[in-house]
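As structure tokens, here come the structures.
The same subunit A turns up in both complexes below, where it pairs with subunit B and then with subunit C.
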Partner chain A sequence: MLELRVAAVATPCPGVRSLTLTGDGPLPSYPPGANIGLEWAPGRMNTYSLTPSPDRRDLVPGLDPEVYRVSVALRPDGAGGSRALHALAPGDRLRATTPRSSFPPVQTAAHHVLVAGGIGVTPVLAHVAWHAFWGNSFEVLLVARPAVAPHAEDLCRLAGDRLATAPDRTAMRALLERALRTAPWNSHAYTCGPPGLIAEVAVRAREAHWVDARVHAEPFVAAAPPGEPFTAVLRRTGRQVAVGAGESLLDALERVGVPAPRLCRRGVCGECVTTVAAGRVEHRDTVLDDDEREDQMALCVSRAAGESVELDL
Partner chain B sequence: MTAAPDDVATYPFPLPHDTYRVSANVEEAGVERATEAGSWGARMLHAGDDHDAVVRKRRAILDAEPRRFVAAEHAREASWEALLWLLDRKAREQPGTVNLERDGAHHRWTDARIGVEQEFVLGDDASLPEHPLTFAGSQVEEDVVVLGARDGRLWLDAGLVVHASVWSIGFDAGMSFAELHRPVPGEDARRVFTTAERFLLRLHPGEAYRRLNWGLQLDDRPDLSLDTFGSWGARRAALDVVDPGREVHLRTEVQHLVKLPLTGSVLFLIGVRLLPLERVALVPAWANRLASVLETLTPETSGYKELDDLGPLAAAWLRDHAPT
Partner chain C sequence: MAGSDDSGHARRLVVVVGHVADADRYRDGDRLCVLRDAADAGALLDAELPRLGTGWRVLAVGTGPDVRAVRAAALARGALAEEVSVRVLDDGAQVRVHCGVCHHGAQARAGDVLECPGCGTALVVTDHESRVHGAVLGAPGVR
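Then we have the complex of A and B:
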């Protein structure tokens, strides 16, 4: 874990707070699209994409950074993480994980089509800074309503005329059509934004004969869709934990005081992967492969497929 | 026991048990490990008394056979990152004689021990006299391989390998991790490498691990690349050994695996350490374990490591000469 200090706060647009965080000396390097987990209450982590400084274009983005920058969209009805982070002031301290790669560029791509909506602009900004430094071929499509788009200016400075902005989803569809049907062979597309935008890109890409392996997405909506209630049986103690329809297995375990390692809470990091002793599982993660799913599950997003699941906990 | 000579005292003896099987056996890098004769492992890059000579010989092999270096075009960013990681690491491990100064993207590299001074601008290909990975691989004793991470798999994207042990970087270029390890026999080994690949893909940015591999060979030449098989293959088969204590060498490979933090590629370093049996025998515990391992190898592993004949020969010599 890193011990960070808030060096500066800013409000790039209504509802979004940007935090500049420092440590003792240079911080660990990070790849484009990486995130860090910020501890907003004891044991409670939210992950946020790291965005490099748009001011130092001569430096390799992400290398031995002096500061970490994150932008936090306020979710008034969320679990409290964004509210707590919006309340931070310069000088406040908080703990953070080291950077995790979750949404990297594909090194073999001939061209990168980056699509962003809302606060999803943050990892895309990191990709753009990377490609601009290395001279890679890229273009950016941004859904942004004037005055409420965070980092639109930073993006404009880094991407220049390779940025196209659409005020709404209909206009974005036209931009997507053109980009996906004119991009060179072996281009890759990356979308960060709300689920609707991600789905839109996936559909348009498939129509334009893109294979799925060249279409990447990072959803920023953390909450897993609810499911049926079930019972988790903890094999080591025989204890039974009821998991409600609206909560995750991980949340239920935390609620009753059973510690489980966890980080991203959206099935990508693999920290909470646990051995399943019995019971069928509805897998909702993106970290386990088919072999691993035979006897493991990600507690944060996956659920019992029946009435119960028995865990090696 | 009195203090062992330096090559023995710092030798990464690879066999912790009396039997051996293929395993992923990875552990955290940079951690000093005690042996019966001393310790090794605090540094990731080896630099013994003969450092300058080793670096020069490596360069001579490459200059004579440029095919010992390969790099896909898409490995450019990872190659630059590998260069930076290696120079930075060496400067940290040998302060005073090795130095990397940085001013923004501008770097000045000085290595007094091997007599190199070079300025370059990170990411500017024209600022170096050669490919960044060629330059990087010419500053260290280790062979250097860059494995790119794509589609949930690792791929051999680039490398400078002059000390291969019965493989060829030119032949392996572009292969997947599974393809690279296909010669290792047995279903268990296959599972080991599937697990190892998954482990490497999941490393967090900047994490570094290491593992040891080992074998026996008939002389002290570290270059057993298939590129030059014609110059050593016949002797190896003839097993024409007069003095096993001096001629037969334990070959230990110190393999480091670094998740490069910017590109997510895995930097794979292979350092070769050769020790003749007569020096292995200076440490009775090593001689006994090596003999025991050689006597109990499975036929598959023995065949893969080409120890069907050399193994018993070495074990018999060790049993005769190791002080008990």
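Then we have the complex of A and C:
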């Protein structure tokens, strides 16, 4: 864990707070699209994408950084993490994980198509800074309403005429179809934003005959929607844990004192992935592939598809 | 170039090593290239791939060793495994062998024991295939 101090706060657009964080010593480097977990209450972490400083275009983005910068969208009805982080002031201290890479660019790609919506612009901004520094071929498609687009100015400065903005999903569809059908050989697409935007890119890419391995995504999702209550059976002890409709399996396990590794709580990082011994699962994560879903599940977002699921815990 | 043909299939760059057989098995939108020698696959792909778009596929047609060489050249130029398919026309059980000792290449038949032309090691032709090298592993064995 890192001990960080808030060096500066800013409000790049309504509802978004940017934090500049420093450490007591040198900070670990990070690749584009990496995130850190910020501890907003004891044991409670939210993960946020690291964005390099748009003012230091002479430095390799993410290499030996002097500061970490994150942007936090306020979720008034969330669990409290964004509200706590919005309340931070310069000088405040907080603990953080070291950077984790979950959404890196494919280094062998000939061209990168970057798609962002809402606060999903933050990892895309990191990708753009990286590609601009190294002279890589890229384009950015942004769904944004002018007044509420976080970092749109930074993105515009870095991407220049390689940035195309769509005010809504319909306009984005046209931009996507053109970009995906004219992308040169060996392109890769990266989407960060709400699940609907990610699904749209996946559908358009398939229509353009892109194989799935060229389509990458990092979802920015609010709390998982509620589901039906079910029972988790812990195979090693035979213990049964009731999971309510409004709580996650991970929360239910924590409530009864069963330790399980966890980090992002959004089905992204894979930390809480656990072997399933029996029972069908409604998978809601974005980290497991189809093979892995045969016998594993992400405890933080996925649920039993029936009345119970048996876990190797 | 757009990645769809009129029938909605992904378009294909078809690389034939040798002569074109079964011409009726190709589609209207296919881009057909014929090579005399699979060793020229890299140069061909360097010229052809920048003219294509993402969404195209590569189909290699020829003998087993030839299609493996074309596939390896495509993978080395950014193709993903699911974008490259092969059609083996005349598989006389010939395989290209990659020496695990000195990395020299040779031709042999599955199950052969051969002397590596590079280092002289006696190599057993295994069934361990590398798609990157377009060859099977030749492992040091007992003569």
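Keep in mind that, in the parts below, the second predicted complex is superposed on the first by the 270 of 313 C-alpha atoms of A that agree within 3 Å, B and C clash if a C-alpha of one lies under 4 Å from a C-alpha of the other, contacts with A are read in each partner's own complex, and residues count from 1 in each chain.
Simple rule for what comes next: a contact is a pair of C-beta atoms (placed from the backbone, for glycine too) under 8 Å apart; a residue touches a chain by one contact, two chains touch by 3 or more.
In this text the structure is predicted, and so the values were computed from the model without any measurement.
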Which partner, once the models are overlaid, touches more of subunit A's residues, subunit C or subunit B?
B
Once the shared chain is lined up, is A:Thr108 touching subunit B (first), subunit C (second), both, or neither of them?
both
With the two complexes superposed on chain A, say which partner A:Leu63 touches: subunit B (first), subunit C (second), both, or neither.
first
Go through the superposed model and pick first if A:Ala213 touches only subunit B, second if only subunit C, both, or neither.
both
After the superposition on A, what does A:Ser29 contact: first (subunit B), second (subunit C), both or neither?
first
Just checking: does A:Arg181 make contact with subunit B only, subunit C only, both, or neither of them? Give me first, second, both or neither.
second
Contact-wise, after the overlay, does A:Pro99 reach subunit B, subunit C, both or neither (first, second, both, neither)?
first
Can you list the residues of subunit A that touch subunit B in one structure and subunit C in the other?
108, 213
If we count contacts the way the header does, which residues on subunit B are in touch with subunit A in the complex?
74-78, 84, 104-105, 122-123, 148-152, 157, 198, 202, 204-206, 261-265
Would you pull the subunit A residues touching subunit B in the complex into a rising list?
28-32, 34, 56, 58-60, 62-63, 98-101, 104, 106-108, 133-134, 213, 270, 289
Of all residues in subunit C, those that touch subunit A in their complex
2-4, 9-11, 49-50, 52-57, 77-80, 82-83
Using the touch definition from the top, list the residues of subunit A that touch subunit C in their complex.
108-111, 180-187, 208-211, 213-214
